[in-house]
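What follows is a group of structures, each given as structure tokens.
In the two complexes below, chain A is the common chain; its partner is chain B in one and chain C in the other.
Right after this comes the complex of A and B.
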């Protein structure tokens, strides 16, 4: 079984998406510069990891399209569960699964393994919300999708880091 | 082939030009010799002839032809424009050269334009050809005599001109077209072509262009938009068309179109006759209102909409029946925003304020209603919120900023009422969150003499007392500015009472706010503030001192005599203030104080700090050789008894050395060669900055100390460590700028030479000194030495015991000079992984992780792949520190992608 990523259509589904303002970079505090003080992983940190992911269709980031937002990320340090919701720009967006895959891969590669990542579409924001959520939660389907070189290439292009 | 033919044409043209300039022939003879080729039926032959002649005309000196010669050439080349595209192209080049460099007769210009407009088809021209044509016409339109000739054509010029510039899409060409268009519209009667002429720029509005400016000769969307707006506003007969165009574009869904239309509409209302505002105000308002409701909170829209309303207010108050028109529009506004929800929640007050700001006439009509609304909201109590306080502030601001705004009796009473409410709110602790805004409002009200009566004055005093006693949360600068406004308004008696209170309570903001503009009481207040001795008080004194420099003497003496102990949190402010005072006092005061300081100099850290700051900032002339000797002896004797002050003592010695005048007695300086290693390095630094003759003697000792003392490498690197506050920039400018370069040139060959023969322990010390020095100097200076330092760097990379500080320097050097160093992946990967882990300091860990990230830029994927697994396993993505995790996550993503599709 593989992920259904909605390829096959070369026309833009949402030709003129609304572009939103981006949040300012997180300022570095004195506590963050003190090596003796621990900085717990919080929602903003997780959001910072995914905000710069490029949209597969447009030369815009997921943050600019408001697909991801800080308020849609929750971190439970006790259970070590990170819950991330994302909002496709249109309810019938065929790129939703690919976007979810990009977010999952980026988080898998950036966060410590002890964290469990719950990734899902913001409730009510996609026609096939349940099916896509199921695909994204299925580790085997995600792994199988990443075995596909073409798909992996698309994902890597989307999650390529801006220089820091 | 093409280039060969081109070369032949060029060579031939050059030959002819040389012949003409040497006097061997003239242009007429050249044309005769070219003969039939200029009218040949063969395309290539005529093209080459035209190109040759064109090149000749382009290359001969300006003014070498007379009007009689130019006229037939102009006619000939104009006739070629309607022929083959290759002929047109060559003709355009020649025509451009004629217009730019030769005297074209006026009559010939008219003829040229007529023939051009009647016969020439522009369909096959390239962008460059069109640009050249536009430049020819631009020349015609900007030259007064040519323009006169063109104007004889009257409105018959217009259709041809429109045909010339129509459908242009190149941004650079468009800028020229818009420029020509404005000249044409202002100089030719538009007649029946008025509408056609308006349609031309209207078709481009709003500009849809987002390409980067470097691609189009610096043309940006902003420039094009400005130009097209100028075109649209260039003729009076366009006024109605412009307003209608804007109203139409405002209803579009494109944000740029809406914003640009708002701006153009405002310009049109302000530019054309005021009657246009009366005619269209009722049509404009519903569109503005709808736009505002759809885009509330978007600054670009809000600014454009409010400016538009202000512009309408301004123009409506200029018509003969201004009262009727202003009242009519006010009524419309008021009807829409009278309800509390609309007025406060939907920020309706902003429209009232914007319209009132248009003119005093508008203000007198609409602002009383706004004031009444706000005062009733405030007296209600339940409606006091940020929005209603903002409205109050904005209303007062408009009245204060209008010319003679306080002159209107009704407005005066409104402001007085609001001031009274504001003073009452200041005493209401439950409204603390609004106090800052209220202070701003009352500061604006103060110039209105009658607004603050005795009762309000008492309220202000009580508020100030309360703020002192309850440690107000209001920012000190807001309180200080308010006090300053009050004291200058109410006069000395008010200030005297508050000054007494400030002294009793030792309140910094209160005292700082009470300084007279002419500084009469500044000395007294500085004295009080200096007795408070906290950082805010010192900051306040610094501000007063910078505004009243004659106080420097008093402040300087007081800083040196009354501060026996300086708390750590105040040290930086104290140093800054003392530095300013030292630089501002007369020379006699410095001399006296240096003598006094010398007498008091002891192990005590305060006196050493004071001494260092004064030395840093006083000119060298105040330090004679005998004074330097006494001071150096004293510092050296203190150094023997206190190891804890060695840094500041070394800095003081370095400053003494830095101020030493060459040629005077330097025996005291030579004696210091035996000092401890930190002092020697600092003295070397002080001397090197002045290019002193003894600097190399001290550097030699500092160099020896590298291997002989544990602290040697760190001390040695201190010589190039930038310390601008301790060694401020004055005197010895060139030596100061170049001193790091000189240090590196002097020290690096010696270090390398010594390194080759050193033992393992010495190698650690020497390499540490090298790395630490590289860490301190700029990239430009360091890179000159990096290739020579390669063996040392390789050795350092193989040493796990290299201390952290030198490792930072080493890593910084490696990262910025990777290509020159030509290091192998095996040499760098292990040290980078080691440094990226604890217990390395955080800064080193981040640098190392960044270094791992950058390896992809220096090595091929196949070289990196064998290390991928190890790197991904070792990266600290779960570190306790967020900055480490951020760097590690970025590097992890990059390494994951290696070798993937």
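Right after this comes the complex of A and C.
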């Protein structure tokens, strides 16, 4: 199947991906429940927002496929820049742009708008790393892609909350 | 240099992508993700929105541009079309829709002579339209010199020369060669997307702003120049170390010579010729521009900056924070 949605074309290809164990939920501390204590956004919180994004071609989460990981997230509270790296399952994965777009949309919708999101492929983990990073970082092309109803519907499906 | 905010124009309900002054400097047009164009004028010392044009486009309006006479406004959209709005009985109406680009149209600009309208798109092409009569635009040339998404087109202030900036990191220059337009020079040097370009008053220099977090200044070498350089645009200086995110827009004031930039780090910056450099900045081979002001202008990315064409030192900026701001710059030195 080839999806051509104006933001690159995507082809399903990794038939049997390796599945990894997931981390436990973060325990809620008394300090976190206390509204008087400021609780800045940290890497774990950002990771929690994106770990359950569904892979476009498998009924698995990005965390289960090790596409995202807490150690690949950094938050600079001073500049309000959040840096997220993600690792495609295979180095020629044509889904990498779509996955990146899903991560960006989920973070754009969840975080206060003042945060800047730098999203990129983990260095050395994709053949088209530079081209994909450039496209995902181009806010004008991202904005245009999200006005494409077909692409938006695919993204919304991937970032929908899991059903329990 | 001192910079004061003189107005905050609120009304757009989504990011504002562009603001554009009419040539008399009295009206500011703004547009953005909310698919509307707002026209702002000053009444009793207050800037108010008297007109909202909201039925022209079905997706984000990326840029607006005025015709030199002020009776027409061109808007371009992610919906792939360009609307030309014409003033009739004091009201703007979308009098013609220009179709042809395959994807989002990123920029549309009237030439200073009013004869041409240039448009560019994610489809990698630049189109030049000639105005026949009222509501009559004919595409006279399609240029495909860029290899990627074309972000911005700007006309030379005095001649029918067009420049375009692209995701392919380059800037192209086009001129009319009689039977067709031709791309006669490609300027390379930026390391990433060139988001915006602006000519100086004479049109002998151009400044560009890029995703690589620099501004570059380019000088035009005419045929038969004394330095013996073939006709071209050469990079004569790089302004770096100031911007910490992509530079989304640049504006070169034709009254004061000041350069303004809008950046993804929420800052508006103003660059002025270095007073220590004892040269005429209009003729110098490599004028040295230094940062004269840096302001936390918006709460999010600054998408657009525009100097007022008739009121020296008045600057408009537009941001992702849905706000348009007007600034006044005091205490600057007018270059020689």
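By our rule, the second predicted complex is superposed on the first by the 149 of 164 C-alpha atoms of A that agree within 3 Å, B and C clash if a C-alpha of one lies under 4 Å from a C-alpha of the other, contacts with A are read in each partner's own complex, and residues count from 1 in each chain.
Everything that follows uses one rule, which is that contacts are C-beta pairs under 8 Å (C-beta built on N, C-alpha and C of every residue); 3 or more make two chains touch, one makes a residue touch a chain.
Keep in mind that this is a model prediction, so the values were computed, not measured.
By the touch criterion defined above, A:153 reaches chain B but does not reach chain C. Contacts of A:124 after superposition on the shared chain: neither chain B nor chain C is touched.
Contact with chain C, but none with chain B, is seen for A:139 once the two complexes are overlaid on the shared chain. Counting residues of chain A touched by each partner, chain B versus chain C, the larger count belongs to B. Contact with neither chain B nor chain C is seen for A:59 once the two complexes are overlaid on the shared chain. Of the two partner chains placed by superposition, chain B and chain C are both touched by A:114. By the touch criterion defined above, A:28 lies against chain B but remains apart from chain C after alignment on the C-alpha atoms of chain A.
Residue overlap on chain A between the chain B contacts of one complex and the chain C contacts of the other covers 113-114.
Chain B contributes residues 841-842, 850, 877-878, 880-883, 885-887, 889-890, 892-894, 896-897, 900-901 to its touches with chain A in the complex.
In the complex of the two chains, the chain A residues touching chain C come out as 6, 79, 113-114, 116, 134, 137-141, 143-144, 147.
Residue ranges of chain A in contact with chain B, taken from their complex: 28, 32-33, 35, 38-39, 41, 45, 48-49, 106, 109-114, 149-150, 152-153, 156, 159-161, 164. The part of chain C that touches chain A in the complex is made up of residues 15, 33, 59-60, 62, 78, 103-104, 106, 122, 149, 151, 167, 192-193, 211, 244-245, 264, 299-301, 320-321.
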